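Notes follow the structure.
Labels run A, B, C, D and E following the written order; every chain starts at residue 1.
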Amino acid sequence: MTDDQRELLRIENVVTAYGRGAGVRAVDDVSLTLRKGELLAVIGESGSGKSTLALTALRLLEPRSGRVFFGGEDITHATQRALKPTRRRMQVVFQDPYESLDRRFRVRQIIEEPLLVHGLGANRAERLERVHAALERTGLSPAPLFANRFPHQLSGGQRQRVAIAASLVLEPELLIADEPVSMLDVSARAGVLSLLDGLRRDGDMAVLMITHDLAVAAHYADRIAVMYLGRVVEEGPAHKVVRSPVHPYTRALLSVVPPKDPLAPFHPQLLEGEIPPLTAVPAGCRFASRCPDVAPVCATVDPPLMDIGGRHSVACTRATRQAATPAHQGAAE
Amino acid sequence: MPAALAFLLRRVAVAVVTVFVAVSANFFLFRAVPGDAASVVKVPGMTAEQRQQIRAEFGLDKPLPNQYLSYLRQLTHGNLGISFENRKPVAANLAEAVVNTMPMVVVGTLIALVIGFATGLFGAWRRGTAVDAAGLGTALAFYAMPAQWLALMLILLTNGLFPSGGMSDVFLVDADFWTMMRDRIAHLLLPALTFGLASYGQYAVIIRSSMLETLGEDYVLTARAKGFSNWAVVRRHALRNAMLPITTLIALSLGTLMAGAILIETVFSWPGVGLAIYGAVRARDYPMLQGAFLLLTCSVILCNLLADTLYLRLDPRIRTA
Amino acid sequence: MTSAPQPLVDARDVNVWFDLPDGRELHAVRGADVRVNSREKLGIVGESGCGKSTLLMALMGLLPATASVSGRIEVMGADLLAGGERAFRAHRWKDLAIVFQGAMNALNPVIRVQRQIVEALELHEVASGMAAVHRASDLVRLVGLPEGVLRKFNHELSGGMRQRVSLAMALACDPRVLLADEPTTALDMMVAAQVLALIDRLTRELDLALVLVTHDLPLVTRTCDRIQVMYAGTVVESGTPADIYHQPQHPYTRLLFAATADVHSDGPDPVTILGAPPRLDQVVPGCAFEPRCPHSQARCATDVPQPQSAGKGRSWACHYPGEST
Amino acid sequence: MSATTTLASVAAPTSQPTRPRRLLASVRRRPAAVAGATILATFVILALVGPLLTPYGVHQRVGEVYAHPSAAHPLGLDDAGVDMLTLLIAGTRVSLFVGFAASVVSVIVGGSIGVLAGYAGGWVDGALMRLTDYMIVVPALPLMIVVATVWGPSVVHMVLVIGLLMWTSTARLLRAQVLSLRERASVRRARAIGCGHWRIAFRHIVPEVYGLLGATTVLTVSVAIFYEAALSFLGLGDPGTVSWGRLIEMAFERTAISSGAWWAIVPPGVCVALVVLGSSLLGNALQDAANPRAAIAHVSPRTFRVRAERGDRR
Amino acid sequence: SERASDGVLRIGDTGSTISTLNPFVASNVFELAIFRYVYPHLVQYGTGSEIEGDFASSYDASADGLTWTFHTRPGAKWSDGKDLTAEDAAWTFQQILAHKDGPTARLASYLQHVTKVEAGGKDELTVTLDAPLATALSQISQVPILPRQVWQEPLSGDASQLKNFTNDAPLVSGGSFILTDQKKGAFALFKANSNFYGRKPKLKGFGLQFFGSADAMVTVLRQGQIDVAYDVPATAAKTLKAEPSLDLLTTSGMDEDFLIFNSSSGQRAHPELLEPKVREAFHLAIDRKKLVDVVTLGMGAAATSVIPPSLAPWYDPATGAEGLDVASANSILDGLGFARGSDGIRIANGHPMAYELLQPTGLTGHDRVVDLVRADLAAIGVKVTPKIVDGDAFGQLLVTPSEKAPSYDLAMDDWVSKRDPDFMLSLFTCAQIGNRNEGAYCSQDYEALYNQQATTLDSGARRDAVVKAQQFLDKEKPWIPQFANPNIIAVNKKVKGFNGSPFVIDHTSRHQIDDVRLG
C-alpha cells in the first residue's frame, strides 16, 4: 500500500479564527496528516488550539483558510448536508462524559441515534443488535444489562465507553478524541485508553487524540504533535518525540513530568513566564519569549515546520539550521 | 478605560435602538387601534364636515408616513402633542402627573427597600431557621397580594384614621406650612405604605437568594479561612457582590412598579401617572397615552442604562476584560 | 531540648458526616488520622470523592452547618474541636493557612488583590497601614509576581497568577502549616510545575510544614516526605514515598501506581482498577476496597481492617498486606 | 475477556432514580413546594367541584344587602344580596382559567421565541431580542389596558392580552438556556454525528428545557392571575362573568369598605394571594430543581456539630 | 381651625371630573355646572321645570313666537370690574353663530333656529328665530355669556385657536361665584362674587371634590370633611341612613335604562323584532319591580315611558302602565305562530328567536340588569346573548349613519332626561339617526307628533302633545323603558336650604348652591 492510499485525514495550512473580521486565530497555519490505523496524539498547553483543530478537522468549524481533506476528498467548504456521508466516517468523543451524553436518553437510544440519523439498520431488531455489538466491543458486557440504563447510572469510565460505543456503531474510519480521559480518575483511565488503542489496532481505525498527559501520549500514540500558541512546533513518531525531543518547548514539557519512581532522577526545566495571549502574538518565533535557548534571530524569524528526517519535523530555527525541506512537502518518504 | 467605555457605548447604542423601536411602536400602536380622534372628541350633533375638520386639526387626514415623520419631528422638539381631552400640551399634563406620582413611588420604594433588605439579609444569614421561614413567608405573602386589594385592606384596617383619597385636603387653603405638610404626609401615608408593602417581597426574595448565592462562593470560604468572623465576612466580602443583581432588579422593576402605581392610584384617587394613563384610556386620549408610554418606556430604558453604569462602578469585571 | 517534638497538627480518628437533604447521612471521612510535624511535607492522595478536601476542611473547622464531626483535632497542642469556632478562628491563617482546590475563584472578584492580602495582615495584627502594603508587595515578589498584580482584580489574572496570589495570601501571616488542596489540577503542566516548584521552595525557605492534597501520584511522591493514601474516607496506607512505591502493602496503593503511565520509561501497559469506589452514604460492612480488590478473601467482606503501624509513620489497613499476583 | 465480566458485576454502583422522578422527589423534599402544590391542587379541585358546594346562583338575591356572615351564608352577602361563597367559588373557575390559559399562551409564545432566538442565533436572534427588549421596557399593565379596552372585555380577550404581553421573561430565560445547551458537548456530538437542525432542536435541546418550561408556566400563572385581578379591577373584566378580580372591583365600586362589609373584600383577595403564593412557591421550587445551583453557604451563624460517637473503626 | 371651610359648602362626587374650562370643548356635567356659576346666563331653570330670569330680569316673545326680547340687568360688572351688558351677550351669541360649523359647534347646537341676535342698547337684547319654538328659552338657558375681554383673542379670525384655549382658573367671572382654583380630576373651589348682579349667595364659597371611589367619599362624609355627597351608591344608603348627622335625600332620578330594538329599515335578519306585538310581549315579560329591587336596591322606580316619572308635569302615568304578565306575553307570541323549538326557544320567520344584546361597559350594575332581563325573556322562549363592548364602540355601533344599517339586534343603554321633554322625544326623530337615535327608529307619524310639541308655545296644549308623543312611542316601542335609577344625595344636617330634587346639579340652574346656608 502506498502512503497516499493510507492517508485518511490531511490538514493543509489551516487557519481557524473566532470572532468577526480577522478574529482570534486559535489555529494558525497548521498542517497535519493522519494515516489509516494511526494514533496521533496532539499535546500542548491550554489554549494552544488543540480543540479548535479537532473541531476544524470535524468540520464543526469552518477554517478561514487552508484545506481539509478526508479520505482524499476536499471537505474544507462542504455544506453540512454534503458532509453527512462523511460524518459517518469520522466520529468524535469529548472530554466530559457527564456532559456529552444526553441525560434523558437511555444508553440504547444514545447508541442507536447515529444509526437512525444515517438510516442504518433495517429495523429495530437489527439496530439493537448493532447497539449490543458496539457495547460488547467497548467492554460493556453483557450488553443488555447496560443498554437500558441512563448515563447517570454509570460510572465515568463506563460513560466514556458508551460515548465511544456510540461512535463505533457507525464503524468510522477516524475517531477524534478530545481529552477522553482527563475527567476520569486514574483508576479508570487505563481502561478507556487501552480500549481506544485496541480498537484502532484491530479495526484499522485512525485516532486523533488530544491530551494534556504526556505519559499517555508517549505510551499509546504512534505519532505526537506538540502545539504551541496555535502552531504545531514539533511532530513526529511518538518514541522520537519523547525520547529525543528537538524543540525546546517539547524538551521542557517532558522534563517537568516526574517519573513514577520517586527515587529516579528528576530535573525539571521550568520555563519562565506565560504564554502570550493570542491577541498579541509576537513577531518572529512564538516561543522566543520563553525559550531557554533563544537566539537573536528568533525575535524576527518565524520558523516553519521543517522535516529533520524520519517523518520528524520541528519548527525551530536552531534545530533546523541544517535546513531540511518544509515538513508537509517532504511528507512523502 | 477603553473597555469600560466600549461597554457603556454598547449599552447606549442598545438603549438608543430600543428607544427608537419604542418611539415607532408607540406611533403605530396607537394608529392601529380602531377609531380615531374624530370618533373620540365628543361633539353632539357633529357633522361629517366637523369630523373632517377635527381630523385635520390633529393631522389625521395626512398619509401615515407623513404623520410619522411629523411625529418624529415634533418629538425632537420635545413636543408630545396636544391632549384630546383637555387640549393642553401632553407634556404639561404628564409633568404634573409625574410630579404627583414621585413622592408616592419614592417613599414607597424606600419603604420596600428597607423592609426588603432587612428581611432578605436576615433570612440569608439565618437561613433555614424559623425566623428565616417566617420572614420569607411574610415577604412572599405580601408579594402575592394584589396591590389594589392590599390598599383596600389597609383602608379597612386603619378605619378612617388616615385619609384615603387624593393628595391633600382640597379645602385646606391658606393654611400654614406645617399644617399643609402634615396634611400631605397624612395623605401620602397609606398609598406609600401600600406601595412599599406590595413591592418589598420581591426585593426580599432576590436579596436573600443573591446573598445566599454569594455566601456559597469560594472567596467567602477563603475569607473565613483567613480568620474573619462570620459577620465580618458578610460585611467585607458578601454584601457588595450580592448588591449586583439587586441593582438590576431595582432598575427593571420600574416597569412593573407602574402596574402597582396604576392600581394604587386608582384606589386612593392619587392624581399620578397611573391614573393619568387610566383616564386617558377611558377617554381615548391617544396623544396623552402615546406620551405616557413614551415617558415610561424611556424612563425604564434610562434606568437600565443607569443600572449599567452603576454596575460598571460596582463590578470591575465589566470595567476591564 | 525536647526529645519528641510535638506535632503541629495532630488529628486522630476524624469522622465527618454530611446530612443529606433526604435525611440520610453521608459518611465522608471515616476515622482518618493526620499528623504533621514541623517542616514535614505530607501528601494525601486518593481518587476523587474519597474525602481529601473534607478532611482538610475539618482541620480548618470550615465544614458547613450540615456536617458533623467526631474525633480529636489538635493544632499546636490546642484541642480545637472542643473549643469550637472561636478556637479554630484563633489558629486560622496565623498557624494554618490554606490554598483551596480550584483557587480560580478564591479571590473576591470585586476587591483588588492588595486589599485582600492586607486585610488578612490587619486582622491578625501582623502589620497595618503602609507596613501592610509593603509586606503585601514583598509577598507577591516572593511568589514571583510583579508588584503590579496588587492593583489587579481576579479576572485580570491568569490561572497561574491566581494560584500564586493565593499562595502569597496564604503566606501573609507566616503560618506554621500550609494546606494545599490540589493546587495544580486546574493548571497546565508547565504552570503546574512552576507552582509546585514554588511551593516546594517556599516551604523549605520559610520552614513551613505542608499538607499537599492531590490525585497525581508521581507528583506527590516527588514533593512530599510522607504519603497517606486515602480510599473511601479512610487512610489505607501511609509511609515515605520510597516505602509506598517500592513496598506497597495495600493492594489499592499498588494498583494506583500500576494505573499510572510513565513518560520516562517503557513500562507495562497501565492497568484499570475495575469498578468504582463505594457510595459513602451507605454503611460498608468490611473493607471498603473489597469489591474491587483482586485478592479479596471472605474475611474482607465482613471485617473492617484496622490500621497496622510499623513505626515512623508507616502504616496500612489491610487484612492481607503485601499480597500480590 | 475476563475483565468485562467482572466489570459488569461491579458496575453501576450509583443507581439513581430517573430524571422526572428525581425532579419530583426533589420537589417533594421542599416543604415550600409541597405547600404550593397543595394550595394549587385545592383550588383546582374547588374550581372543578365548586358548583356542587353551594345551592345558590351567582345572581340570586338571597337576603339583605351586605348581610353579615351567618350559618347559611358563611361569607355573608354582597352588595346585591348574593351569597359571597357562591361568588367566590364561581370566581375560582374564571380566575384559574384565565391564569392557566394565559400562562400557557405566554409560555408557548415566549418558549418559541426563546428557543428560536437561542438556536438560530445571528440576525434572527438579534431581531427577536430587540423585540423582547422593547416588550420588557414597555409598561405591561398600561399596554394591557389599552389592548383590553380596544378589544372589549371578554375572558378570551383577557387570556390573550395577558398571554401575549408577558412572555418576555420566559423568552429570555429559554434563550439563555438554549444558548448554553447549544454549546453542550452532547449537542456538539449530535452535530458531529450528522443530526439535522430539527433533530438537534427537538430531540436534544427542547426536551432539556421542559423542566424549565414547566417551572415558568407555573410561575407565570401567578403573574397572569395578578394581571387578571388588575384588569378586572380597572373595569376591563368580562362583566358577564365572576372572577376574583371582579369581586374586588365590585366591593370597591360598591362601598363595601364604608359599609364595613369586610367579607366582601377579604376573601377574593385572600384567594388571589393564595394562588399567587402557591404557584410562585411551586414554580420556584421547580425552577430550582430543573436548574439546580449549589445550595451551600459558607457563612452561617450555625456551625458543624461535634459528635461524641466514634467512627466504625477500632 | 385653619380650614378655610367656614361658610364654604363642601361637595363631594365620584366619577365625573373637570378636565377643561373651555365651554366650547366641555361636555360633562360638572364642567357645565362651573359655567353656570361663573358665567351669566340670560335665563335659567327654577327649582322645578319652569324657566326664570337671570341676567335678563325679564323677557317677552312676539305673538308669532319668532322674536324674543330680553331686558338685562343694568349696571352689572364682571369680576375684573369691566361692565357686563347686553352687548356682551350679543357678542357671545354672534360669535357662536359665526363659527357654528366649526369650533363653536357645541354651543351653536343650542341656537339652531336662531337667525339673528342684536343688542338694543346696553340693557336689551333681541333674538330672532326662523320658527316658533317651544324650547326656545330652554335652549337659550344653556348658553353662557362670555367676557369679551378674555375671549376676543381666541375667537378672532377663523377661531381656529379656540379649541386649544385652556381658559385657566381664576376665570373672569360674571356669575354668583368666582372659580379660584381648580385641578383636573381633583377639585374646584369657588368664592362668592361680590360684583354679582343678582341676589347674593348666602355662602362664602363652595367647593367640589372628586373622589375616585364612593367608599372614599362616604368615609370623608361621615367624618364631616365634606358636607354633601352626590351620586351616593345605593349600597351605601343603609350605612348613611344610620348616621345621625346626615340626611339622605332619595328620589328616583332622571336616568332611565332602556332595552333598545334595532328598528332600522336595514335590519333584515330578524323582521319579527320590528313587529310592535313582539315588542309588546317583551315589555310584558320584563319584571320591572325585580329590576328596581335588585339593581337599585328598591330605591329607583319602574320606568314606563321615555319621559321619567320624576319629570312630573310632562310624564304620563297612564303610558305603558300594564305590569308584568308573562302569560299574556307568551300568548301574544303563540298567537303570532312563533312556536317553541325543542330547546324551548321560539322559531320566528324560520330562525330561532335568539338575539345578541349589545351592552356598553362602564354602566354600574348593568351586568345585573342584563342577567335579569335574560332570565325574563327566556321565560317567553326568547334567547338573549349579551355582548359587551367598550362605551365608545357601543356608541359607534348604535348610531351608524342611516345608509349603513346597524348590525346589532338588541341593545341596552341609559339616558338622562333633560328638564324639557323635548330632549327625550327628540331621540326618536329621523334627523337624529346617525347621532343620538339609537336603534335608528324613524316614523313620519311620530315626526308630526314631535314637531307639534316642539312648536306649541302654550304650555297646556304642549303637555297634551307631549303625552300623545309618549303614547305613540309606547305603542311602537322602539325602546322598552325598564327602570329609573335612584338619585341619592347625602347631606350634612348643618346644611340648610338644600334642594334635593331629582334635578340635581344639572347645570341648568344655580338654585342648588345659591339658596344654601350653613347652620
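By definition in this document, a residue touches a chain if its C-beta (ideal position, glycine included) is under 8 Å from a C-beta of that chain, and two chains touch if they have at least 3 such contacts.
Just so we're clear, the structure is a prediction, and the values are computed from it rather than from any experiment.
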If a chain touches chain A and chain C alike, it appears here: D
Far-end chain from chain C, centres as C-alpha averages: E
Centre-to-centre distance between chain E and chain C (centres being mean Cα positions), rounded to whole Å: 91
Inter-centroid spacing, chain E versus chain A (mean Cα positions, whole Å): 90
Rounded Å distance between chain C and chain D, as computed from the means of their C-alpha atoms: 47
Intercentroid distance (Cα basis), chain D paired with chain B, Å: 24
Multi-chain contact residues (two or more partners), chain D: 3, 7, 11, 13-14, 149-150, 252, 257, 296-298, 300
Touching two or more other chains - residues of chain E: 213, 215, 219, 222, 362, 393
Set of chain C residues in contact with two or more other chains: 62, 272, 274-276
Interchain pairs in contact, sorted by label: A-C, A-D, B-C, B-D, B-E, C-D, D-E
Contact footprint of chain A on chain C as seen in their complex: 47-48, 158-161, 188-194, 197, 215, 217-219, 221-222, 241-242, 245, 255-257, 259-265, 267, 269-276
Residue ranges of chain D touching chain A (in the complex, touch as defined): 1, 3-5, 7-8, 11-16, 18-19, 184-186, 188-196, 199, 203-204, 207-208
Sites on chain D touched by chain B in the complex: 130-131, 133-134, 136-143, 145-146, 149-150, 222, 226-227, 229-230, 233-234, 245, 248, 251-252, 257, 262, 265-266, 268-269, 272-274, 276-277, 280-281, 293-301
For the chain A and chain C complex, residues of the former touching the latter: 45-46, 155, 157, 185-191, 193-194, 212-216, 218-219, 242, 252-254, 256-264, 266, 268, 270-271, 274
Complex contacts: residues of chain B adjacent to chain C: 217-219, 221-229, 232, 236-237, 240-241, 314-317, 320-321
